[in-house]
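Think of it as A, B, C and D in the order they're written, each chain with its own count starting at 1.
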Amino acid sequence: MSPREQRIIAGIYHLSKDLGRHFSLTEINLQVTNGEFVFLVGPSGAGKSTLLRMMYMDDRPDSGQIVVGPYVSTRVTRKTIPGLRRMIGIVFQDFRLIEDRTVFENIALAMKVTGTQMSEIKQRVTKILTYVGLYHKRHDFPRTLSGGEQQRVAIARAVANRPSILLADEPTGNLDAVATRNVLELLFKINAGGTAVLMATHDIEMVQSFGQRIIYLENGRIARDREMIFVGDVRDRMEESSVSRRAEQLSDHDIGDEEKE
Amino acid sequence: MNLRTARYMIDEMMINLGRRKGANAIAVIIMGLSLLILIVFLMVTLNLASLIDKTSEEMRLFVYLEDGLEREVTQKIQLKLMGLRGIDEVSFISKDEALTEFRETLGEESDLLDELVENPLPDAFRVKPKRGYITSEFLASIAAETEKWEGVEEVRFGKKWFERGERLAKGIYIIDLALGLIIFLSVIFVIYNTVRLTVLQRRTTIDVMKLVGATNAFIRIPFILEGALQGIAASLLAIVLLTAIYTFSSRYLPGLVFMRRDALAGFVVFCAILGALGSFSAMRRFLKL
Amino acid sequence: MNLRTARYMIDEMMINLGRRKGANAIAVIIMGLSLLILIVFLMVTLNLASLIDKTSEEMRLFVYLEDGLEREVTQKIQLKLMGLRGIDEVSFISKDEALTEFRETLGEESDLLDELVENPLPDAFRVKPKRGYITSEFLASIAAETEKWEGVEEVRFGKKWFERGERLAKGIYIIDLALGLIIFLSVIFVIYNTVRLTVLQRRTTIDVMKLVGATNAFIRIPFILEGALQGIAASLLAIVLLTAIYTFSSRYLPGLVFMRRDALAGFVVFCAILGALGSFSAMRRFLKL
Amino acid sequence: MSPREQRIIAGIYHLSKDLGRHFSLTEINLQVTNGEFVFLVGPSGAGKSTLLRMMYMDDRPDSGQIVVGPYVSTRVTRKTIPGLRRMIGIVFQDFRLIEDRTVFENIALAMKVTGTQMSEIKQRVTKILTYVGLYHKRHDFPRTLSGGEQQRVAIARAVANRPSILLADEPTGNLDAVATRNVLELLFKINAGGTAVLMATHDIEMVQSFGQRIIYLENGRIARDREMIFVGDVRDRMEESSVSRRAEQLSDHDIGDEEKE
């Protein structure tokens, strides 16, 4: 394989988005090159999911621009959005599996949409389901799956189409250590195949060990990017931001009245 | 759209139909029963119209002749009558025939005519107007014109009764139209919204399809096909029930008219379109960018 | 159940109504339009029945007397007639009155009577039967009996026409009943399932309530109240529309009869119960252990 | 406070439950005393959620018995289940918030159900929402909350009624380290007040540090209970069970074809 040329596959420029009284994304700038693996970390409510949602253009910025491949948020239309979405694989934080479709059908649907041949669909789905350890559940409906199993189906669906860029929102939140490692291995392999990966997670310690680029989001702003982050440091920052939100007027005594006989 | 995409769309529709049998059945039954009401109303209207038509077709104009006319004059009058615009048939009724007919009309009371010393009835022509010309204005104009002719004593067509009947028929038509409009709108509303509810229930499916990059056509067409199928199933249900009602009713009202085949076919097509449109417009909300 | 629980239930219902305005409005309109069809049908039936009633009430029996009877004999016959079971009024029609009336009936054709040398009509009694007795059997039995009396020449009541009318009325009633049954069942089905769908859409809410320890009553009662409210709203909508239709129609059919107040009140109550039952039975599926 | 008497508040005896071809819970025995804090760990699909579901009697065992307070699974009826559920606070893995109710209404509903006075409801909800840092979002609808925020609302609802026993299914899966610590603190405080807590989680390392009782579930069986578990040891077990499920026929080469230009 020839050495890959470095292109920017996704870029966010001066993005702002206001979401009601309590939250806004402010002046977000970030670029992802093809083949890059980026962790997006930040405390609960920092805006990770919102930022990803903008990237797959389920929501539009108030100002600024998002560019994904040839698609530009300010120019994209109803007609071009499906093309954009087919470049992107998305693992949703809440999975979004279709309830009345089996595991197989859920994944196959995402491939049918792009007009993939049935024989190829069967082959791909089999392989990916086997990889995430759910091939034996291919004919089950999502409601009969455990939380972690649903999450793995969501991941399988996102990677089935060999997207150019994968947006994974907290893809290991319901997984045990081993399943997490398997999923990360899968993501790394897909990444090695040329897919850019942007993975949102709250697990700063896990992320730390891989030496990949880490973007730290806090209160709707990018607090750090690219520089290595040290766990202790981020811990402090998180504590700060989390604590500042939480009203501290509560004393232990207040909660002490939970007591009962 | 290539063949494979078309196949996937049909797949989608089949899966949807299969997975939600209960909900689909209820939707089809709701729609079918609503349509039944519409189509029964149409049949009642059809029968009313044919009844009114038949009644008004029996309308005749009587041209009474002066006593003791020459044959030629009588024949000339007949020819002139037949030459008039809007006249279908002209037949001669002699005074004796007229008395016999009158006797029949009177029925039980006809013995009253036994007392007559001589037949007081004149010879006459019975004139049958053509179908489209049976209005009180036209009949009055003919009457006015022919009354002036030589040898014609009087022209009558039961003006008072005819006008009253005409008014009644008009009233019935207006009310029928008003009712029809209400029923029609109600049924459209019910069907449209029933289809809409079945689409709304699959909101998350639609959302997910959008997010994995399905084109609007890919999402929409299976739903539209499904709506059309539901419409067709519902209309067939309505037609089956209508046939049962017709069979039952015509035992008691032998003259009952059934809907024409082509009208029924049109009805099925109409319902298919209605179902498809219901799906289509329900999805417009979700398929916005 | 204490007062606080009752308040919470009403709270629940109000929140549900407030949060799903659109869905509730559509449900109420679907139900209202279905009910409109039912209630319009009821009004048409009511008017048909009153028309048939009025027509048959105009039924009279004519007892023709022999020529040149003594006054006493005539009076005796009148008294005997008035003594019969099922007779409402007996009035004497002299032969001259009869001729005048006949002239009026003939209208334009009455000049034919000018030729009469002497009045051929007999004196007669016009007998009006009581309401409940207007059947062809009863009239025939009266006719058979009175015909045997001294001084009575003949008794007539237009047997052929009357029997034909009776058959027609019976046919109309049967078809009306059949149609009514179909419309009634259709409307119940539509309403019941519309309410059901609104409950089904809140399946997850019901599940969560069960899981946090709500009793079945706590879950059910707000839904039942909501169903009843929807039923009431829909029936009021139907009544408003019916009033509009009535007002419009009676311009063209002046004799039109409206529904009675108490029937309308009953209709509202019926719809409330229907809505409540729809909710109730929709929830049975979910409230199982 | 008088020293609390040790009573068994929840017990599972010889429980078995078959769930289709692929999974069954087998011969589960476990007791929780009042005031105890128990972690239930195990890999994805081990049966943690299923076991908890049996405890709140949303599903019944095929054989064996569950006892919670005075309620026995074999004798409980439609009439008595609400009483059982009111003893229990449940944090669902998938949150189960009511979509068309605000945060406040979601929590208040759980309290209204027990007939709590409105003034008390207001006061409790305010306190708990403040504690989980979401008081400012009390009038928002769940769909506008981030994953972590929804999870905290679910926790708030579960503890609002001061249950005798709290079943928390993966309550920190969507939370960052700080929020996790806050939630655990909350659970410990509630526990200190006398509420027994049974918390299912896949995060064996986190659990390790607290020195509480840990039940290790694997493939529908209790593999270990009460004995201290060492991370390395459990890691091995998890690896084994996870790997045995995952078909290993996949080589790197298979996934390598993700590559694209």
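One rule holds in what follows: contacts are C-beta pairs under 8 Å (C-beta built on N, C-alpha and C of every residue); 3 or more make two chains touch, one makes a residue touch a chain.
Here the structure is a predicted model, which is why all the values come from computation and not from measurement.
Trainee: Identify the chains adjacent to both chain B and chain C in the sense defined at the top.
Mentor: none
Trainee: If I count C-beta pairs in contact for every pair of chains, which pair wins?
Mentor: A-D
Trainee: Taking each chain's centre as the mean of its C-alpha atoms, which one ends up farthest from the centre of chain D?
Mentor: B
Trainee: Would you mind pulling out the distance in Å between where the CA atoms of chain A average out and where those of chain D do?
Mentor: Chain centres of chain A and chain D, defined by C-alpha means, are spaced 25 Å apart.
Trainee: Centroid from C-alpha atoms only, then distance chain C to chain D, rounded to Å. What do you get?
Mentor: Here the centre of chain D sits 63 Å away from the centre of chain C.
Trainee: Any idea how many Å lie between the Cα centroids of chain A and chain C?
Mentor: The answer is 67 Å.
Trainee: Mark out which residues of chain C touch at least two other chains, giving numbers and ranges.
Mentor: none
Trainee: When you check chain D against every other chain, which residues touch at least two of them?
Mentor: none
Trainee: Is the way these chains touch best called a line, a ring, a star, complete, or other?
Mentor: The chain contacts form a single closed ring, each chain touching exactly two others.
Trainee: Hey, which chains are touching each other here?
Mentor: All touching pairs, sorted by chain label, are A-B, A-D, B-C, C-D.
Trainee: What does chain A use to touch chain B in their complex?
Mentor: 56, 58, 77-78, 81-86, 88, 90, 92, 96-101, 105, 109-110, 112-115, 117, 157, 161
Trainee: Would you tell me which residues of chain C are touching chain B in their complex?
Mentor: For chain C paired with chain B, touching residues are 26, 29-30, 33-34, 36-37, 40, 102, 107-108, 111-112, 114-118, 120-121, 156, 158, 160, 170-172, 174-175, 178-179, 182-183, 185-186, 189-190, 193-194, 196-197, 201, 241, 245, 248-249, 252-253.
Trainee: Which residues, counting only chain D, touch chain A once they are in their complex?
Mentor: Contacts found on chain D: 1, 4, 19-20, 22, 42-45, 48-50, 93-94, 127, 130-133, 135-137, 140, 144, 146-149, 151-152, 159, 162, 164, 169-170, 173-179, 182, 186, 189-190, 192-195, 202-205, 235, 238-239, 242-243, 245-247, 249-250, 252, 254-261.
Trainee: Would you tell me which residues of chain B are touching chain A in their complex?
Mentor: Residues 2, 4-5, 8, 11-12, 15-16, 19-20, 204-205, 207-216, 218, 287-289 of chain B touch chain A in their complex.
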